[in-house]
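Here's the structure, in structure tokens; my notes come after.
Every chain is named by a letter (A, B and C) in the order it is written, and numbering of its residues begins at 1.
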Amino acid sequence: MKTVEVRALVKTFDGHLRKRRGKADTVRALDGVDLAAGPGEYLVLLGPSGCGKTTLLRTIAGLERPTEGEVLIDGQVVNGLPPRVRQIAMVFQSYALYPHKTVMDNIVFPLRAEKAPKETRERKARWAAGLLEIEPLLGRKPRQLSGGERQRVALARALVRDPAVFLLDEPLSNLDAKMRATARDELKRFQQQIGTTTIYVTHDQAEAMGLGDRIAVLERGRVRQVGTPVEVYDDPADTFVATFIGSPPMNLVRRGDRLVGFRPEHLLPAESVPQDARITMTLQVERMEYLSGDRHVYGTVTGLGDATRVIARLPATLDTPITPGEPHEFAVPAGRLRFFDADAGTRAPAVPIGDR
Amino acid sequence: MTNEALRRRYARRHVAARCGLYAAAVLSALVCALPFLWSLVSAFKQNRDLYDPESNPFAFNEPATPDHVTFLFADTPFPTFVLNTLLVGGAVVLLTLALALPAAYSLARLNRPWGTPMGIAIFLVYLVPPSLLFLSLTRVVVALGLEDSLWSMIVVYPTITVPVSVWLLIGFLKAVPTDIEEQAMVDGHSRLGAFVRAVLPLVFPGLVAVVVFSFTLTASEFVYALAFVSSSPEMVVSTGVPTQLIRGDVFFWQSLQAATVVTAVPIAFLFNLFLDRFVTGFTMGAVKT
Amino acid sequence: MSARRAGLADRDGFLAWVMLLPSVIYILALVGVPFLLAVAFAFSDVTTGDPSYDFVGFGNFTAVFDDGVFWRSLWNTLLFTGCSMVLIVVFGKILANLLIADFHGKWLVRFLILLPWTTPVALSTISWLWFLDSIYSPVDWTLRHLGLIDQNVVWLGDPNTAMLSVILVQTWRLTPLAAVIVMAGLVAIPRDIDEAARIDGAGFWRRMFEVTIPLSLPVIAVAALFGAIMTFTDMTVSYVLTRGGPTHATDVLASWAYFRGIEGGDVGQGAAIALFLFPILLAGVVAILRAVRRLEAR
């Protein structure tokens, strides 16, 4: 179990290199990133596409050279070291199995590269294959495997190296939705069993919430917030995190120089919110959607700040009648309100909002 | 080994690898371009400098002179050769596009069961060498009354350019999503109209690549040009220079070298501009046919 | 609803034929017919002076077989092709690696590397003719000044060095083409796979021999195919460099057919010689294409 840390990491792509990657001009893919994953931790890098999360992972792996800053694995600076001496294993989004080698040869490839004796290679490959339940596939070629099987082979190949760190780059994005839920569960159990420090890149917040011990939310090459899933969800550091995480996203209502934020599931009909500490507001209901039993109510709130379109998510257990086209009194428990600076978007001290 | 030492070692290795890369690049470039570089030097040399076995062949031991280059342009049919090459090249390119573009579209898009075998068959024609055909083609050219005329080359060269162009164009055409034509057809164009209005503009970069490629092939051809044309005013660069700038065993070396460089540089330049596109066209044709 | 019916321009089957037909007819007329004509000439006594057709059976072939030059040129062709092909593929692979690498001044290097192929072969061969000149060759000058030789080698005057020169010039000329083809294959390898191999601890050579080369083998075979065919049927280099000499030491089938058929005027014999290119060529093409298919099926 090793730590992974990056300090003040900056990575720019100049136009020349970038052109080959399909984009133009100088881009600061990483713009001063500080981040650390503790021993055995499952750290998820979450962000929209183009936020730099994959670049960060590739820089840790040694596939990209940082423009500035340091990468530390197990407390040692590894800048300039090629991937193979960093004791890392990586699972690529495409799995990157060697198409001309059998599953067995794919799995032992890293061991042959470190010149392990034949018996060791056999033994480790069998062990990894057993762990991932792919023994019957060892003689096949990657093209004969399903997506889920390929993912396991890629994991087995990563596993046999006894890596200090696992780097996973959206390993579930090539699976169909049904497979994804099972594979997610397996990945989590697998990591708990192995206990290896893992850094996992995804743009899917459900994956991030489900897998991560901690989540680092990235946007435009910067870390916006690092925290446990609960912290990131309940206490977003800024409006980006607030609206990126959660589906539907956090409602933001402008009130003076503040934005008042609250989650859709906390915006409930006034009669179902305890009276002692609540903020009420009038919701002009526009339309409703029924999603897996929940009701999503779309409407405009007035009375809290500027009139704003918001979404309320009513759990299936609430059967308050609500009619589209009519106003209805809604309320949010006072403790559920979050305040942001209206200009900077960062968290700001609460301002008193009287209940009228 | 300590981490510091390890990092120093790999830093050194990285530098060594970069140096190796640059050394390899310079070496390969030199080996490939050496005769041309030397041609460039020779072209500007004075006779007594050039024809002295002891003088350094890579340097000017006497002042450089542009005389021989001027001679090439003013007193030899070289300008005519260049003009002929451009004429033949231009006509062949047009003819090639007229034949290859519809054929490629038919093979790439119209989903006939014979599409793939026919594509491969046409490509294999490219492998039938001029040296096998030039004897009978010479008779054909004579029978058509085209001997000693630019037309002989214009008529015959597409046998070389059409197969490769079809192959490349299939690659480019397959890269265009079918949705685009289908959208155009839904919007009221015929299949042909969709091809002309929606697909052609999208493969335009590919077309340019094919034009350059065909022109290069045409300009380099030697065997047919040698067999069909023996009168100087109708010759192209590739045959005119070696046959007309050498009188018996008198070689106009400096002018010959100048002619080589003057011809080589623009073609290589054009080709280099489109290299990446050939590579994509070639791979796509190969992967998807 | 408009009353327009589907016109001919909408019928895929019809369009497919109409669009393909011109090319097919053109190729049949100017490749198919001349090919048959070449076969017919091989069995005739047609000469440039007397173009009337008389069937002479295997007469031309007997005459050709009795001529030692034919066997010499056949052997030369095989030697020339074999050596050049191997060199072209090896150097082509090396150059391809360079062409896809990232470094400053790449454009210029690529330009210079492509020169040998994009230059009309007759002209570049003339440059070589001068480069290997018996008196003024800079190669000899350099060797002389390094003290390695006392007097000029006369590269094109000796049968062995003449063949060597022809092979090297051919290799030099076609290597860029092979490099471009192999480069296409290398570019098509997903970047992930190479990176996965780096992560898995494979060094440069292991990646090259266990990942890159196996994955680009079909394309390397195609490059070999092009190299072989273009060399096997080529006469330009030996024609311009040595005129087949000294004493037929560098004559290949194609150049010998040219000397016999065009310069010697004996079209029948020339065609008979050229015809020998065909079965060998066909066998080579089939062999390589089958290898490619087998490789791709893996």
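Note that contacts are C-beta pairs under 8 Å (C-beta built on N, C-alpha and C of every residue); 3 or more make two chains touch, one makes a residue touch a chain.
Source: prediction; values computed, not measured.
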Item to check | Closest chain to global C-alpha mean, per-chain Cα centroids | outcome: B
Next on the checklist: Count the C-beta contact pairs for B-C and for A-C, then tell me which is higher.
Outcome noted: B-C
Checklist outcome for this item: Rounded to the nearest Å, the gap between Cα centres of subunit A and subunit B is 51
Next on the checklist: Distance between subunit B and subunit C based on Cα centroids, please, to the nearest Å.
Outcome noted: 14
Checklist outcome for this item: Whole-Å distance, C-alpha centre of subunit A to that of subunit C, is 55
Checklist outcome for this item: Residue numbers in subunit A touching two or more further chains are 82
Next on the checklist: List the residues on subunit C that touch subunit A in their complex, please.
Outcome noted: 102, 190, 192-193, 195-203, 206, 210-211, 214-215, 298
Item to check | Complex contacts: residues of subunit B adjacent to subunit C | outcome: 18, 21-22, 24-26, 28-36, 38-39, 42, 50-51, 53, 56-58, 98-100, 102-103, 105-107, 110-112, 115, 118, 122, 124-125, 127-140, 155-156, 158-159, 162-163, 166, 190-193, 216, 219-223, 227, 237-239, 241-242, 251, 253, 256-257, 259-260, 263-265, 267-269, 271-272, 275, 278-280, 282-283, 286-287
Checklist entry - Residues of subunit C touching subunit B in their complex? => result 7, 9-13, 15-20, 22-24, 26-27, 30-31, 33-35, 37-38, 41, 46, 51, 94-95, 98, 101, 103, 105-116, 118-128, 130-131, 135-138, 141, 172, 175-176, 180-181, 183-185, 187-188, 219, 222, 225, 229-230, 232-236, 240, 253-254, 257-258, 261-262, 267, 270-271, 274-275, 277-278, 281, 285
Checklist entry - Tell me, which parts of subunit B touch subunit A in their complex? => result 3, 6-7, 10-11, 14
Item to check | subunit B partner contacts - residues on subunit A that touch it in the complex | outcome: 76-82, 85
